[in-house]
Structure formats: structure tokens, C-alpha cells
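One structure follows; several queries about it will come next.
For reference, chains read A, B, C and D in written order, and residue numbers begin at 1 within each chain.
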Amino acid sequence: MIPAGGEKSSIIRMFHVHLNYGPKKALIDITLDIAKNQFVFISGPSGAGKTTLLKLFYYGEPVSEGQVLIDGINLNRIPRKRIPYLRRKFGIIFQDYKLIPSKTVYENVALVLEAAGKKPRLIQKKVKSVLRLVDMEDRLKSFPPSLSGGEQQRIAVARAIVGDPKIILADEPTGSLDDDSADTVLELLRGVHIRGATVIIATHDKTLIRKTGGHVLYLKQGRLETSTFIEKKYDNTIF
Amino acid sequence: MITLYFKRAIDDIFKNRFLNLVTVITISLSILIASSFILFFVNAGAVINSWKKGLRIMAYLEPTISKTGLEELKHAILSIDGVQRLQYIPKQEALRRLKAQMKHQASLFENLTDNPLPDSFEIRMTAIADSWQKIESVAARIESLPWVDEVEYGQRWFARFAYITTLFRLASYAMGILFFMAIVFIVANTIRLVIYSRREEVEIMRLVGATDNFIKIPFYIEGLIQGALGAILGLGVLFSSFVFITSNMDQGVLPDLFHLQFLSTAIVTGIIISSMLVGWLGCYISLKQFLNA
Amino acid sequence: MITLYFKRAIDDIFKNRFLNLVTVITISLSILIASSFILFFVNAGAVINSWKKGLRIMAYLEPTISKTGLEELKHAILSIDGVQRLQYIPKQEALRRLKAQMKHQASLFENLTDNPLPDSFEIRMTAIADSWQKIESVAARIESLPWVDEVEYGQRWFARFAYITTLFRLASYAMGILFFMAIVFIVANTIRLVIYSRREEVEIMRLVGATDNFIKIPFYIEGLIQGALGAILGLGVLFSSFVFITSNMDQGVLPDLFHLQFLSTAIVTGIIISSMLVGWLGCYISLKQFLNA
Amino acid sequence: MIPAGGEKSSIIRMFHVHLNYGPKKALIDITLDIAKNQFVFISGPSGAGKTTLLKLFYYGEPVSEGQVLIDGINLNRIPRKRIPYLRRKFGIIFQDYKLIPSKTVYENVALVLEAAGKKPRLIQKKVKSVLRLVDMEDRLKSFPPSLSGGEQQRIAVARAIVGDPKIILADEPTGSLDDDSADTVLELLRGVHIRGATVIIATHDKTLIRKTGGHVLYLKQGRLETSTFIEKKYDNTIF
């Protein structure tokens, strides 16, 4: 993970990106380069700009200045019509889950595949299997508001991985989970990584980073402070 | 593909029962207002037309007119635009009518030996030719024909009548346009509120890679269904009230003068289709707004 | 305390601009429909009344009537309920009128030496006594008076007229009730949608210990304000259209027959107050529903 | 913390409480007793019933069976009119924050005091000082949707403590916070505790429990499994 590096295999590149929310400078002069199949953490204190940075990747927000290239596409020049296709490259676990309250768990997860025009047969099989992975196969017909925080988060994880996306963006994917569930989710993300996806996790949780290891981008007040590689450490402090 | 969209739309309607119910009720009430208004004016129009049947131009003929002259004149009058039919009234008939009409002044006719009245034509106009100007111009043309001595067409009464029907027609057009626009806006506004309260859902769909069409089409289908349901419900209520009111009223007031009629099948179909279009339009505008925001 | 609630209500209106705008627009459109309807019927009623002024009962008198008998009869007729005023028409006057009316049959009167017509009273009814039954009963009572030979009251024409005005009145009541209810429901529905889309906020307030009144009162104030704004806007649009239409129309059609009038201040005030009540009612019902859920 | 104990000073007591969501048994036969000014953790895996248990305290949900006594009030017999006053005893940090999106940060926090009928002068002073405590005094006029996850959580904390409640219910109060912010929040809660409040924290985060120490109620699948006292341990594993 070398910022502004020019490797052939990079999937996300940013050049001198700024993002302002009105007078507020949320991101300042970010330059980075994420290679295909990397496992990256974005860390930093509350309000540092982690979520905002992820937003720029999937065009959740246009940059105020600078260039973003996703899989070769320059987002400054992407036509409106192509945005849905850009977003299908991503599987996103949102910090606030963003589940549709009026749709069942099954429908929420199936939505990604339906939107991508997949066959009903395939959808059913995939959705069920992915819900089994997050241990929610018995809540298919529940509605998100009747789920616990952790359960909602696991549905969000399921939805993010169901479409076999090229890139996973996970914003605090284990914030509401106990250690066991968190490990399950982490295992899932690692599995997706092994099968070839690029995984980007925004988190403030140092334990999580230590558990897996990977490239760490450290943000502070909108600036990319450091970019280091952290080795996987087994940390077995038990309760 | 389209069945999939239909499935999603139907599913959505059940999932958002409250919102859909409110929309359908609002549409049905709007349709109720619009269609009762139309019903009123259709029947009022029928009443006016039945009155208009009483309108006639009398053309008094010169006593010197010949039999062939009479035929020629008849054809000449009938060929005037706006004239529907005419009836020849010989002077004997005119006197008979006059006597019947003036039974309280019958003493006038007591010592009458000779009939001093002229022969005449009673001319009826077509329903469309009811404007004051139209009647006036027809009357003038008739007067200019040979053998016509004078024409008469109850000016004062007719002027008033024509004024009122014109006023009525203007008012109904103005109100019709106004009601239509108001209702379109109300329905569109309601749908906009519904979509506003579902904007989060729309936003999430976009974030997971749904195309605009994938999001919009079920909403459009819902809009069409809501429009149809609302129209059917509104018209149903109107029809029930109509049946209830007419069956309770016809006994009280003279029933044989006009027959109150319900809206024709064509109008009913038109209303349902318009309602569906408005439902769709409401979705279209609102989605455009929320998707581009 | 109440100023605090007012402050919160005003603040809320600005915070939820979109929702409030939609509500105010819907209310104003509803008011526009209702008030244009009222305007129409107020003017139509004026037209009918001006027609009713043409209604009269003719009482033909026996030639043997004395001067005192005439006075007595006059008082007897005037004391009948429903009679507004009467005019004595001596036979000379009657003949003069007849001649004027029948200029095309003037030849009839040429060799008339003696006036064969009777003296008569022309009796006008009060505006409220316009039903067929009423006129009939008044005519029958007049006929039974001494020295009255016969009465006449254009039966056929009047029957039709009475039928139509009755029909018109019935239709306008039915539509009035229907429109009122429809509009109350539409406005209440809109407000319900607005509160539905703010139910999360209401729920949060309850969770942090707000009493029902603390939550409701600003909504009520908002409802009243929205109702007032909507009514003023709707009436404003109606007034503008009214001015526009009448000023463009009066040149075309006879302007001196009726004077189209706008709604009276009392009606305008009534509409604004009703609108505020409906705004409040909509909030009341919706909040009751959401707070108890 | 002795379940079903009969101490004079208990503020929350539950006797054989069950809670069913339809067929789902969310809480099963819970009996507990929390004393005034205790510092209690409710722990357990995702979906164990932590949030649900907190809901029962403030009558967010009526019990299906059993008795709940809050500060001497039996919730089975509380009249509708009294519920707002019951809730003012609590300061609640909700797991999903529950901030009003159309109100500013300031207004969200002030709401609690306004609802309690406090004077505008006092409200202004208190709200500003409490926002300073959570380090959000410069975001008074922001709206919650424009805040980061952690910032929203800090507003939720501020709102919970602004009214000086008798009892603090904190549902994962540091789930979205980095270590420093989490420590600040924890310090705040400890401060409130020292000033006399009862503090109840629902969390799956063992580190958090170890940092402070306190009574721990461990829930699992709706049952109260264990109830122990954990000593405060300084755990200085740094990133």
C-alpha cells in the first residue's frame, strides 16, 4: 500500500482529493492507491473522515477537488446512468446498516441480486446460504426493526457479501457484535478476501486490526496521517 | 421481467398498507369530488337543453304568399345553419292557440268575425345554436327572406336565458379546469408525501446498485393501481349516493320532467383512465425529484 | 408557556419546510375547491332569486266589486303568509299591457269598442315561498276569497321552474356535504401522512419523557397555522380568478342583468375558521392514533 | 447485586419477568435487584436480550409476565399519564442513538430539559456545558445526519446525562467510539455515578467491563445466566 503508487493492479486510486461539507473540511488532500485483493484498514478517531472516505469510493458523494479512479473509471467523469453499475462492484456494510425497515431480512439481502438482474432461483439459493453464514437463517421473515443491533449488523454483512463483489467496504462491521459474532464476520471477510476480493475496513477498533493484520491507513482530522502494515497478532486476552 | 416488477409492486402495496390506504382514499375522495361535479353539470346541461327546446323563432308571413312561395321559403329557412326544424302554422291554428292561451281574456274574441292573424312558421334551433348572437343572426337572415313580414323571438326572456346559460357554461368550464388542476395537485402531493416518507428506502436501493428503472417501475405500477382503485372506489360511492338520492327524491318532486342520468360509460372510463394517469404522474414527478436530489 | 409552544411550532414549520409546504398547498387547493363551489352556488342562488321575482299570481276580480270591497280584499290577500306585495291593475291597464305584449296580433284589437277584460291584482311572493306546493296553497286561498273570480299562476312553467330549483338546491346540498366531508378527509389524510413521516420524532420525544401535551400542542398550533395559511392562499387564488374572469366576461355578455358577487366577509371568515379547525382536527386525529399506538 | 434480594435501597427490581415478541421468547424468567447507586453491566452475546431488558425498565415495552418495580413504582399498574414522569428518572443512551434528524444537536439535547419544564436560561447553560463534556460544543447547530457515527453517539450520551437522571441506561455507549472518546464517555458515566446515579450499561465489550469493573449480569438467549462482580483491571495493551 504505497500512496500514489503506480502499480498496474491497483483498483482504487485517489489523487489529492479534498472533500468539503460547506465550510467543514472533511477530507484534505488524500492521495492513495489500493491494489487489487488488498486487505486494508482505515483507522482513526471519531470524526476523522473514515466513513466519508468510503463514500467517495462508491460515489456516495462527489469530491470537491481531486481525482478518484475506481477499477479504471474516473468518477469525475462517470455518467449518471453508470453509477448503479459502479456500485455493483462494491459490497458495502454501512455504519448505520441501512436496511429497509419495510422489507424482510430475506428481501433486504435479495434486493442486491434482484437489482443486478439475477435469476430468482439463484437468488433464493444464494440469499439463504449467505444468511446461514451469518447465523441468521432462522430470521428470514423478520423485519429489521424487530432485530437486535448485532442481528441487524449481521444482515448488513450478509447483504454486502451476497453479490460476490470485487470490493468490500466495511464501516465498523463489528461495532455491535460480541467477540464470537465478530470473529465469524471477520472470518467471512477473510474468506471473501481469499476468493479474490479487495477488502477495506473502516474501524477504530485496534483489537480488530491486530486480529487480522493488514495495511492500515490512519486518518486524523481529514488528513491521511500514516500508512503502515500491521502484522497479525494472536491476542488471547480472555474475559 | 414485467411480471417481476408487478410482483414487487403488489408486494410493496401490502408492505406499505398504511401509506397505500391513505393514497387510495385521497384519490377516491378527489375522484368523488370531480365526478360528482361532472355529474352535476351533465344533468344541469340536460336540464338546460330541455329548456332550450322551448326556444323558437316565429316568422310571420305576408298574406300574399303563394303555395310555391311557401315551399321555397321553407327550404330557404331550413338551409340556414343552426335551424333544426320548422312548422307551418296557418292563421286558423294561430287563433286557436291564442284563444287557448288567453282563456282569461276570452271576452276579447267574442265578437270577432274575421281572423286578423297572419300565417307563420315556428322555427326551432339546434341545441348547439343557443347563443344570443347566433339566434339574432339567424333571425336577421330569416327576416331578410322574401315573404317574411316580421320575425319574433321573445328577446327579453331569451336574452336573460342566454346570459345565464353562458354564465353557467363559463362557470362550469372555469370550475372544471380549476377542480381538475386542484385534484391533480392534491393527488400528486399525497403521493409525494408517501414517497418522501419512503425516501430512505429509495436511497438504500440506489446505494446497493439498483438502476433508476428498477426503483421507479414498481412505484409507477403502484401509482397506476392506486389511481384505478381510487377511481373505482370514488365512482362507486358516487353511484351509491346517486341511486340513494334519486330513489328518495323522485317521489317528492315531479318525476316525469327530466330523468336524472348517471355518468355515461365513456365518461366513467375516462375518469378511471385519468385517475390512473394522475397516479402515475404523481409518482413520476416525485421520483424525479427524489432521485435527482 | 404558550409562547414557548408557539416558538416551537414556528420553529418546527421552518425545520420541516417540505412537509409544511405540501400541507399548506393541499389545504389551499381544498379550500379553493370548496370556496369556488360556494361561490358558484351563492351566485346561482342570486340568479334563481332574481328569476323568482318574475313569479306572480294573477287574481281576476268580479266586475261587481266595490271600492271598500277592494280595500278589504287587498288586506286579506296581504295577510296571507308568503305574499310579499300586490299591485292593483285596472282593466284599462290590462288592455294596454296586452296590446304591448301582442304587437304582432295587434289587428285583433282594431275594432274593439268596449274593454272586455276584468280588473285584477298582481301578487308577488316572498323569496322563500317558492315551492310548488306553497304557491298552489296560496293561490287556492286567494281564490276562496270573496270577489275573486279566478286566479292564474302560469302553472306549467312554474312547475318546471320549481322542480329545477328544488333539484338544484338538493344537488347543491348533497354536493356541499360531500365536498365538505371529502375535503376534511383529504386534509386530515395529508396531515396524517405528515405526522406519519414524523412518527420517529414523536416516538423519541416520548422516550425522553415528554408528556403528550408537550408533543401535541406545537402540532396543534402548526395545524391551525397551516389551516389559516391554506385558507388565505386558496381564497386569494379564488379571488384573483374571480376578478380575472368577471372583468373579462362582463364585456361579452349582458352586464346589467346580474351582478356577480364574491363571497361575503362572513363566509370568508367562516371558511378560514373552518380550515383552521380542519387543520387542527387532522393533527388531533393523527396524533391520537400515533400516540396510542 | 443479589437477584431477588430485598435490600431497602434497591431502585430496580424484577420478579420472574418474561417477555415474548409473538412466539419469540426474548426474556425468560428474569429476577433481579439493582441497588441505588450501583454500577451494573449487562453483558451477553448478540440477540441475548440486553436491549430488551433495558426497555422493560423505562416501560418501552410492557412485560408479558412478572413484575417490574422502578423506584418503588410497579410498572404493571402505572397509569398512562405517569409514564413521562417515570421516564424522566432515566437518562438513556440508545443503541441506535435515536436522535431527531430534523432538530439540531443543541435542540436534541435541550429537548429533555424542555420536556421536563426547565427554565430557558438554565437549559442553555446546561446544554452547552454537557456538549463541552463530550467534546461537541462546536457542533451545536449541526443536524444529526451530518454527524459521524461516533459524533452521534456522543450527542446521545450528552442527552442522557443532561437532565441529571437518577438512573443511566447506556446501551453500547461506546460501540462507535475510538478508545480516547470511549474513555471520555466512560469517565462521564463514572462521574455521574459518583454524584449518586445508578448506572446500567449494556455491552458485549469485555474490555469496557474490565476497564471500570462492576456488577455484571450475563444474559444468554433471554436467560440471566450469571451475576458476578468484576474487579477493575488496568489493561494497557496499546495499539
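The rule is short, and it goes like this: a residue touches a chain if its C-beta (ideal position, glycine included) is under 8 Å from a C-beta of that chain, and two chains touch if they have at least 3 such contacts.
As the structure is a prediction and not an experimental result, all values here were calculated from the model.
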- Query: So how far apart, in whole Å, are subunit A and subunit C when each is placed at the average of its C-alpha atoms?
  - Reply: 67
- Item | Euclidean distance of C-alpha centroids - subunit A vs subunit D, Å | 30
- Note on the structure: For the pair subunit B and subunit C, the C-alpha centroid-to-centroid distance in angstrom is 22
- For subunit D, residues contacting two or more additional chains: none
- Provide the list of subunit C residues touching at least two other chains, using ranges where the numbers run on. none
- Item | Overall pattern in which the protein chains touch one another (line/ring/star/complete/other) | ring
- Each pair of chains that touches is included here, namely A-B, A-D, B-C, C-D
- Note on the structure: Note: in the complex, subunit B contacts subunit A through residues 4, 15-16, 198, 200-201, 204-212, 214
- Query: Touching subunit C in the complex: which residues of subunit B?
  - Reply: 18-19, 22, 25-26, 29-30, 32-33, 36-37, 40, 43-44, 47, 58, 60, 98, 104-105, 107-110, 112, 116-118, 132, 150, 152, 159-160, 162-164, 166-168, 170-171, 174-175, 178-179, 182-183, 185-186, 189-190, 192-194, 196-197, 241, 245, 249, 252-254, 257-258, 260
- Task: Over in the complex, which subunit D residues touch subunit A? Could you list them?
- Result: 21, 44-47, 50-52, 95-96, 146-151, 153-154, 171-172, 175-181, 204, 206-207, 209-210, 235, 237-239
- Spell out the part of subunit A that touches subunit B in their complex, as residue ranges. 58, 60, 81, 83-85, 87-88, 90, 92, 94, 98-103, 111-112, 114-116, 120, 159, 163
